[in-house]
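Okay, structure first, notes after.
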């Protein structure tokens, strides 16, 4: 039945499953019985697992190739990545959405009021956001791209507002929403200009048009400004400078499980969108007529875009690392660390073509595992019902919660890039990609930045393991539900186990990164030699 | 090949066993684990075919770890790395045995991390792949920082953090250099491959300017670990705060990673750069010798004194390595092994009296020969070994390093033109006099002289003239369940020190087998240097005489990496 | 004894003789005995076993040396085992560095080993009784160190290459460190031990550099190959590298034999037990410097001024030490300075060219100086550590002390070079060479030597007349009844039964007369001093060749063996002295100096002791003369000068460096760098104030900035 | 018939297109400035809508220039997304108003570094 669908629709089976799941979960959220409401996260996981299983069956290579996608095999790597991380993100949030309401209803202090229950909506929006991220890989034209990006971010605004209680999540939501809307407008205007310059919304057509312009006398101004605006607009999604200002407040304000979601899904979607857009521009570089009339072919992005990305990369890394040094709140520090890691990822963008994209996705795998492990450890602990926020709460965690202390230590060491952990392999693959693009300066900047990051990640390692327990840290107890701890342990071990599979992951990413063969008029950059 | 991986993996398995097993059996499992690893390594060394050929064994293709980035999990030794690995494996059980009475709380973590540290050092020495070396080299930081931060002295966390960050920044420079080298190799041969031999082959053909920066970057990375002069400030703090076994492993195995790094990476990979920077590094190591010796003289804390003394001794070792002739290089490698043995033993001795008196301050403590004669004899023996008394192991290394530095100018004798000369040797010789001075002062204060015990113990020694009270000194001052230690050394402690003493004596009297094993490696190391040194000297002479016809472009450079 | 054919001047080539390996036993036996002593110490043996074992091993090594001497035909090279040797070759040129444990036996070696092991045996027997109050740990440790010393000394003398010499050199330094610091509960002893080791170490550095220089120029450090290379004019370039060799070796020799720059450690070394002072700091160790120069004598002719410097420093030290010796009150300190002074004579002899004179004086000096020290030791042993010559008098009248007094008298006669004593002839040989040399400065040194001889005679007999002659009066020393052992045995105190505290109680204290072991050794040494003079008597009366002269002539320490001997004695004009022939002149002046010194000492220190104090009082009153006696008593303030110039400046330097390292380099530089990112963080902190509009403005500004930068780059690129 | 219509239309396109683009840029700029200056949250949201309309106008102008209908299709989607955001924005504003009784956005600035 599936092959009767047009190839492009056949590829969307996992997304359809998520949609259906979202609807079911939304409805079940309203049921009176507590058991059903408690089962919601596990249903969500079930849906996600189903989509993971369905993917290899439906996303076959021949079908992908004749679906005229810009990066046909990208989905085969990105979609399972998003689904797997989605599962862990859901398990992370078990028991903490609507916790106050559920407890008061359970104790009978409040009658069950379908209006106030938000758990169903939370998981529905979560599934929708994941669906948006998956859809992004199959984008064939600008409209699809714009809708997919919006589908990723709109649900997150609500998740931030709904997830927790008190004024802080709401303040985070309002900031996140307004600044998000502004950045959406920016890259929408960019789309318009790009459409104006290339005359088509089809990504393949845009790529060929831009290549033709490049072959002629260089990409014209309108397209250049359009691409610049798109890149800057998307910087919001990946918390890159100059659009990163929301991140610290939103990560600190939002509940921990939502911050975990924000730190991974929008970042992956953002970088996928950036990869798609920059593939249109192409890393084949552009020809400059040298003074003596010889056409010199330069690898890499056109100079202005490369300059933008270079500036964005250096500023993001530096501001992220420097900002994190002074923080007393763990979640705020994780926000800055997410900014810093985006800075490293932009390095991959500049490298582009074969090495860059693979490095980005390997780094995203590693980054996902590391941050989810950290957030899961934080989510599994609480102090007098409140979330863990300050470093002093974590002091001497080893005494009462040894496993969580070790998970925090392992993930922090992996984030800093300490060798046996996956973080190290991700970082050196990024550096290698940067070398491929002759970016020695950027590598040195990244090296110095990761040395600076040693300062605050070491604090995150040593505080739970070594620091003497303080009065506050004695009150730290574990959350009733066991699932966040399970997530933390699994992701913590993954940081080491995955490093053995670093080679396999890099090869999988490499095959995904290959872009579609262009029409014969322009030469497509060869496979990786 | 399998034996190497077994000897590396065994301590990790033992660490896991310690973590899972009960705390009471932690010590024994740790001891068994480290002994097995030593046995595996000695078995490998027994039928090591390349004892005199200076080649690497086992060579050949190895499992690809990250194929895209060219990182392969290839492992192999040459005689120098095998000797240093044997030194580490030899010291591991001794340290575990030595810290039985020192560590009383969080025992499982201590032995777990200690074994992981040992296996990571072995991995670094065994690695044939630059990134694999980096993994082993870098990961030693985590267990070491935790051991110092958890089990150390009063302000241990500051020392641990400083050690971690200082070495981490240094190794970042080294990583950048290695990656740049991998990139040059990628351009030259088309694919990423981090095998050390391949990288060395490419690095040697680089133009002099890039070799210059490559050598500088590698040098900074390893100078932090060796503690060369300006970058040494973290070592005394780390030693002062580390627990006994921690500072033994830090002094004898971790510092050797720095000198081994120079031997494996900095020198062979950038001969052109190395030849030019040789004077700078030699001057730094000479300053290190004099500077650290003078500071030792005024130290009142025994452990800090030994820490500064190892800075001074390793300064001499580096000087020998940079004398660029076989005599100096062999002396340096030999010195690496000896320094590990004698300084490690000294730290153990200091740990032993620290466990009894809980103070390292030489003003408060003194004349222990009367109270602890056996300990005193061991202390005197090891101090003399590190002073470099002929007949003991320190002398041979010192003599050869000094000789190599001295001979550097007389290339007629060594066949290797060098950059250093007699004046370097004379100043380094002064350092040796200071070495004798401050170590004897330490002996004079702690071992000889009238018996001075810290006040906490005065009450226990009922009448000072009577022989040692049969029962041990009641350590009321410390936590309750501290094991009672006999006044003089217990059998366990003697069992720890005797193998070290025997090793020192044997290496002192019979250095030839080890020297013969090292010499082919050092010759292979210095194969490019005579040409480079002559070039540098020619340029230097040309610049002096102002004549500008000397070819500025280096003969060895080629237009390799133009796009 | 096979007739030693007088060889030609060239140094005989050494023959490889592996079958003579048993001579190596002479070196290894003391090592075995040290191991046995260490075991005794570990097993807490209380008996005299260590002393017996050491004595036997030394006696047997002495026998081995005697047998080797009898079987001696020519220089022999005996390999034992490989110590440090490796080769490397680059491009065809083959280089090697070999330093194996092997023996080089020639006449000089045997000459030295004879008196080293001989005296070693005698002094060990003496020490067995002297140290018996200390049985147990101290006893074993003492004899362990003595055996280590003798192993190292024999390694030094027997070794066939300079590395073995260096091993012995530092080994004897270690032994003297352990033995000086024997009473380790006395801080002064520990300080003296440290000072001795460090001063020796400074000398050792000179020696090490000399060894490297030799290896640099000749490619080998084995004596046989060195002499071959030397005789064939093998050195590569005669520049400062070659001529620096003698000066560096000289520094090593002066460090070990306590000459001018590095002599202050020897008087402090008297802190050690007296047998140690006798054996090490009088007879054997301090002669190592003389042996070194004698062994490598040809190399001292590489630089014209080398031997002259040796002579000048020798002469200078002799005079300075004699002047200080005159003003000391402690008997052992006087003898220590006399040792330095006599060593000065030996170096003077070497400098002016008579290796025979120097070596023969070493031999005679070894015997009579050991005798004097052991006598002093007996006194100290008996009088509870009393060594101040003002508090002892009239010993020869006390029953049981006659042997000690008269053997001491023999020693003093020899030290004062009384005419027709062995020392007179050996000193005469040195001064003869000096005075008959055609160099004016050597002749001046000769006269200086004669003046020092007079001073020596004076202070020697000052001690004897003060201590042994005159009315019987003595005060007990502050030490425990015997001057050894930090913690004396409880049983020993009971056995003596006297109250060890009140030193002033005269009647209750009666000296503890030495028993057969000490008296026996003293007598043997006195006879030895006589016997050692026999070759000189035969040379003077029977006009045969002096035995010592033959031995030295037969070895490498031959004057002018290598270079053409430019200042050969031109028999043309016989050197004259005061109008008479040199020989007769020297005997007349020398003996008159000795006798005059003795008479002056008799007058001041026996006849009228009050006068001595009066003279001293008058000297002190005159301001322009007053400083002399005080300066002499304070050893010309040499120690203080060293302290100020070297020790305190380095101490201040070290404190500054230590402060700089901790506060500047560590706190300021390293922590400063770590604070830069934190400071930057504070700069950017206000950007995150929390206001929504604030973020929006910054974002818009950021976008504008990035677009401007991109367009600027683009425009710049497009031109 | 359609060709003549399109050919007729294209003749006038380039001149008018720059005016349309200028207006869209003006709209976008006004929206941006309004968003930055006004404190009232509803007005801020309206300004974002204004920016959306600016983009839509640009899109229509280019569609007109290229005589390609897909640009206008994009505009329809922009309107739908803008509507979705409007719903979400107002819901959020109501939530905030219920919490803090004011629409001023400066009230919401407790998070952030002091």
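Every chain is named by a letter (A, B, C and D) in the order it is written, and numbering of its residues begins at 1.
Note that in this section a residue touches a chain if its C-beta (ideal position, glycine included) is under 8 Å from a C-beta of that chain, and two chains touch if they have at least 3 such contacts.
Fair warning: this is a prediction, and the values are worked out from it, not measured in the lab.
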Most contacted chain pair (by C-beta pair count): B-C
Identifier of the chain whose CA centre is least distant from the whole-structure CA centre: B
Cα-centroid distance, chain B relative to chain D, in whole angstrom: 67
CA centroid of chain A to CA centroid of chain B, Å: 43
Whole-Å gap separating chain A and chain C, where each centre is the average of the chain's CA atoms: 79
Chain centre separation (chain A, chain D; CA means) in Å: 27
Multi-partner residues of chain D (each touching 2 or more other chains): 32, 35, 105, 108-113
Shared interface positions of chain C, touching two or more other chains: 674, 685, 688, 690, 692, 696
Contacts with 2+ other chains: residues of chain B: 165
Touching chain combinations (by label order): A-B, A-C, A-D, B-C, C-D
Residue ranges of chain B in contact with chain C within the complex: 162, 165-166, 230, 233-234, 237, 291, 294-295, 297-299, 326-327, 330, 367, 369-370, 373-374, 384, 389-391, 395-396, 399-400, 402-403, 406-407, 410, 412-416, 422, 425-426, 429-430, 432-433, 436-437, 440-441, 444, 447-451, 465, 509-512, 515-516, 519, 523, 530
Contacting residues of chain D [partner chain C, same complex]: 32, 35-37, 39, 105-106, 108-113
Chain C residues touching chain B - in the complex, by the definition given at the top: 42, 82-91, 93, 95, 97, 137, 163, 166-167, 169-171, 174, 177, 181, 184-185, 187, 190-191, 193-194, 197-198, 201-202, 205, 208-209, 212-213, 215-217, 219, 236, 241, 486-487, 650-651, 653-655, 657-658, 661, 665-666, 670, 674
Interfacial residue positions of chain C with respect to chain D in the complex: 685, 688-693, 696-697, 700
Partner chain D, residues of chain A touching it in the complex: 141-143, 146-147, 150, 154, 157-158, 161, 167-168, 170-175, 177-178, 181-182, 184-186, 188-189, 191-193, 195-196, 199-201, 248-249, 252-253, 326, 332
